[in-house]
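Shared between the two complexes below is chain A, which pairs with chain B and chain C, respectively.
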Partner chain A sequence: MIIDVQGLKKRYKEQEVLKNITFQIDEPKIVALVGPNGSGKTTMMNCLMNLLPFQEGEVTILGKNHKDPTLFYEVSYLQDNRVLYGDLTGEDHLKFICNVQKLPVKKAKETAEAIGMAHYVKKRVRSYSLGMKQHLLLAMAVLNNPKLVLLDEPINGLDPTSAIHMRNILMDLYTKGTTVIISSHNLDEIDKMTNTIYFMKDGEILEESLADLNIPHYSLTVSDTAKAMEHFTLAGLPVGLEHGDLTFSETSYPLQTAIDICNQNGIQIHQIENRKIGAEKRYMELFESELKP
Partner chain B sequence: MIHLLRLEWLKIRRARFTYVLLFLLLLTVAGYFFYIDTKETKLHEAEAYVLSNVETSMGFVESTTEEIEQNGGTDPNLEEVLVNAERQYEAFFLMNEGLEKKDWSLYWQGELLNNSWQEESKEEQLKEVLKSYLWPTPFTVFTMMDKMRWMEKRSIQPIFPTSSHTWRTLYDEQFDDPIAEEIVTSSSGVYSSSGFYFVYHLFNYGFGFFGLFFVLFFFADILTKEGLDGNGPIQLLRTQPISRMKFWISKAVASMGGSILLIGFTATISLVLGSMFNRLGDWNYPILIYGPERTYSFLTLTSFLGKSLILFSLVLALSFTCLFLFSILANRTLLGIGLTVVFLVIGQLLTDQSMLLNWSHWLPFHYINVYPIVDGTYAVQYENENYTYLQAILSLSLSTGILLAMTYLAGRLKKGVKV
Partner chain C sequence: MTLFLFELKKIIFSRRFQYLSAIILLLIGALYVRNILFQDLLIKEQQKQVDISTREVQSHLRAFVLQQEKDSENMILSERITHLSTALDALYEWKPLLQSENWQARLQTENTFLTALLSYKETGGEFSLSTPEMERTLAWNDQLLRQGIEPSPENYGTSLPNFMKQITDIYVNIGAIVLLLLLIGDLLTIEFEQGSIRFLYTQPVKKSAILHAKSLTAITIYLFVTAAIFIFTWLLGLTIGKPGSFSYPVMIDKEDSFTFIPIFQYIQWSLSGTSCIILLVIPLCMLISLYAKNAIITLLSVMVIIIGGYFSMQAVSWSGQPWIDPFHLLFTGRTIQTISGLWIYSVPITLLLALLIYLFALLKMKRTVDIS
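After this line comes the complex of A and B, so read on.
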């Protein structure tokens, strides 16, 4: 088990900011926390990382109590860039982490090169752009090859180049077996990299959506719907019917197979629509009331 | 732990603020050094003074001898005048020889001889009046003579001028002669830019409010940079395998160690300036320590500085603890510094009002200016023998412990903060 959260409750005086949060992650994946401001994403991350106390619940990370400081040999938490020392250089930060994590100092240089920040790592952090700071934070987070990385809004405010670079690094981490928990408002980026999305609102996880949000769901408007249904069934291809259109998911078969069936049987295709749900669409459905002016 | 200390060191080394303050410190020390240097009575001036006295006293001996011969040697008053004149001549002769040969024991023998009559007369006075406030009090004469003996025994180069008019103590409250008062007042603040003596003189200000505030400003921003309550770098440290105890210990070690290094740096600069433009000076120069009931002793200058440094370190520990407490309560370093300064200044101002309390010696604010505690002048001035060095150590340690507990509690009680 990578992370096991049971009945996590956090209150500030009378206000309950986390309400009975329960979830488990048992295999490496990229998990996104999505929700409006104040939904409890950062608070939850801070509670998981023992930066904030909470009143009820249990958090176990990699089989250890979340208060165990040795956990940070295997877990990294990338917070906002206010945690950086403006007067120190990027190299100072990386070397400090190497020393604390008992890693060889040469790892600082290697990581800086791998992240693509070698040309500015010796400059003071005060002179860094937002993207440079985010890359430094990411470099600090991945130095120790962690099994779990938590990132609080790492992509927000980044230019497209930096965002793509950041995404590639995170995908690379995931392919190497690291579980990544990321909070972000950039739903497009989340669509591109996550396996699971936790939609949060008012301190609760409203919904755990799996990756099928991103799998294309097609809708075909054809000349003869009944005939098409018959041929699809004969070919053993599952198909649905919505408002007179054929619907199917790419997990069942590719779009080209459906086109071929229609063409072979003289059925004209008038329109093909990709009805991929996506994080943004689901977000709009879940938070519809908040989007209204 | 060593990594955390290294981080603190890096923070100090990389901050531009550090270099600005160091430059200001150097400027102040150098400026003060050259000011002192201009006020010092130089060796050649002392030589000229002694030589003129040799000639004057020799002339006086000759004229008195002639007068006695003219009177047929029958005037007992003139005989006594001659004895005194010969003694004075002998004294200045010895002092002159000492100056010429740089034999300081010889010089002090001369000075002791020159002032021996004072000691004898004060012994008589002491038999009649137990306590006197008229300059020079018996206390002043005896301490002066003992100081000279100390210097003679250890062959310590004098800080000029050395006459009896340069020595006054806390017990000299009145003068019977306004001219004597003027001379003593102007010459009792003896200056020297020689290395060790300059360090002693400089730290009279350094081990007090001036030095305390400078050290606080120097380290406050760096030590509270983590933002004890906010989302500052404290969060970075908390997400590393570092125990909170180590974190706090490293802060304490860095602030105290850094302060001691800064004091060491200032002392070294002062010694270097002294050695370059004057001389290194004597480490065992005697410092008068007032005891209860008009008793006294002497401490070597370096022992005095060592004792002062220990006490000042405790003052610093108290101040840094205040700073941590106020920066937690105020959330901002600058406000934390401001509150600390106000707290210490108000505390000091209120000490006068607290003097009547029979437990006032437990208040730590009495001990912020260190020298008067170490040399005992504070206890004499306030006629309270409880203001001792040991009491200062106890009071400061206890107050720091209480403030530490309050800091811990403040961190615990404050919403969402984990200290």
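After this line comes the complex of A and C, so read on.
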């Protein structure tokens, strides 16, 4: 078991900010945390990393209590760039981690090169741009080849090239057996990285979406929607209605079946659209009220 | 060790440390230049004082002479006139010696003046110079003549040992504490304020190790800065100052007597005593940081506690004993100049309090989880 969270609850005075969070990750995967601002993503990560106390629940990481500082030999947490010391160089930060983690110091240079920051790692952090700081934070997080890495909005403020580069590094980590928990507002990037998404709202995990997000969903624009729905229902085929179009998932029945039903009953099909339900689509469905002006 | 070196690097490479260090050294240089420039002014000031004393003596003498014309049998009047005449002769002799290289003659003449004046005051005469002040100066001059050391103006020394003493006085009478707080007062609070404590908390290090490293860093910075200040002062005095003597006497002004210790001993004692109080200030700063998590509140609180503690203990009559007063060494220079070697009795209580505060800070650090 990589991480086991049971009944995690946190309150700030009278307000409950995390409500009974429960999940387990038992094999390496990339898990995304998605939710509006204030949904509890950062708070949850900080609780898991023993940076914030919580009132109820249990957290076990790699078989150890989450308060055990030796966990950080195998776990990394990429936080925001305020944790960096402006008067020190990137190299100072990396070498410090090498020394504390009992890693060979040459690993600092190797990691800097792998991340692509070798040409500025010896400069003081106060001269870094936002992207450079994010790269340094990533280098610090992956330096010890962790079994679990948590990243709190690592893509924020990155240009497309840097965002792709970061994604590639995380994917590479995952292929080598690291579990990645990443929170992000960039749903496009999330879609490209993982199918495992925890949607959070008001301190709760609403839904854990898995691979079915990427199964084709079709929408049919037909001449007589009501008639078509009647025939689909009679035939025992589940169908939905969205903006006047018929919708269904290919897990229920293939597209050809739907076409045959329409043709047999004289219903003209004006348009067939193949829609993959990605993170953004699902986000919009779950957080409809947040999106309304 | 890793944490300690990391902490040390953070301080040494910080702009604030570098700028402050440069400013301090510049100020020391400026102070020395000021001392040199003021030498002529000091002589003029002394001449002015001699003139004032001369006029006062002449005024009293005239009055007594007039009185004696009406009361020629009055022995006390005669004595007063004799003493004042001696004093006046000494003043006439003293003024030209102020610019002379012959400092022994200058001191002897001043002693003659003061002795005559003290004798005059014993007869009930009044004069603007107080008896304790005159006795102090007499003792001082006698000591210098005995040791064969040229006098140096207090707070305007241009010789190496005297300038070092001047710097010591500023440093050990709360200067070191203020400087240390400016340099490392926010060593812990800044981690909470900017959030970088989360970086340390997500490394495989114990929280107690973080506190040990920061405290050790603070002590190291204090030692480093102290050494830098005094080495710079020494080099300045050595290159452009007069050699002077490290046996130059520093007066210990006890209630009913004067004793003297050499400057080198004064500097040694002062720095030792100050180091002791610094060992109290550092854990106090750490403890308050853990509660306040704000640099300004921490610094103000530390100053209020140590200064308040000092004056509170001074106000309580039974606390006259240094061994029960942990704040006695706050103004180490002043303390030494009133109780001499007895300052050392304050060390155990100061260190004990420092240890207690440090233990509280450790406990608080271990229990600190909320980084918000």
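Here are some notes:
Methods note: the second predicted complex is superposed on the first by the 233 of 293 C-alpha atoms of A that agree within 3 Å, B and C clash if a C-alpha of one lies under 4 Å from a C-alpha of the other, contacts with A are read in each partner's own complex, and residues count from 1 in each chain.
FYI, contacts are C-beta pairs under 8 Å (C-beta built on N, C-alpha and C of every residue); 3 or more make two chains touch, one makes a residue touch a chain.
Being a predicted model, the structure only gives us computed values, none of them experimental.
In this overlay on chain A, chain B clashes with chain C. Look at A:52: by the touch rule set out above, it reaches both chain B and chain C.
Of the two partner chains placed by the overlay, chain B and chain C both lie in contact with A:82. When the two complexes are overlaid on their common chain A, residue A:151 makes contact with neither chain B nor chain C.
When the two structures are aligned on the shared chain, A:92 is found in touch with chain B and with chain C.
Note: residues 49-53, 69-73, 76-77, 79-80, 82-85, 87-88, 92, 96-97, 99-101, 124 of chain A belong to the chain B contact set and to the chain C contact set alike, using the contact criterion stated above. The touching residues of chain A, counted against chain C in their complex, run 46, 49-53, 69-73, 76-77, 79-80, 82-85, 87-88, 92, 96-97, 99-101, 124. Within the complex, the chain A residues that touch chain B are 12-13, 49-53, 69-73, 76-77, 79-80, 82-85, 87-89, 92, 96-97, 99-101, 124, 140.
By the touch rule above, chain B contacts chain A in their complex via residues 3, 6-7, 10-11, 14-16, 225, 227, 230-233, 235-236, 238-243, 415-416, 418. Those residues of chain C whose C-beta lies close enough to touch chain A in the complex are 2-3, 6, 9-10, 13-15, 194-196, 198-199, 201-207, 369-372.
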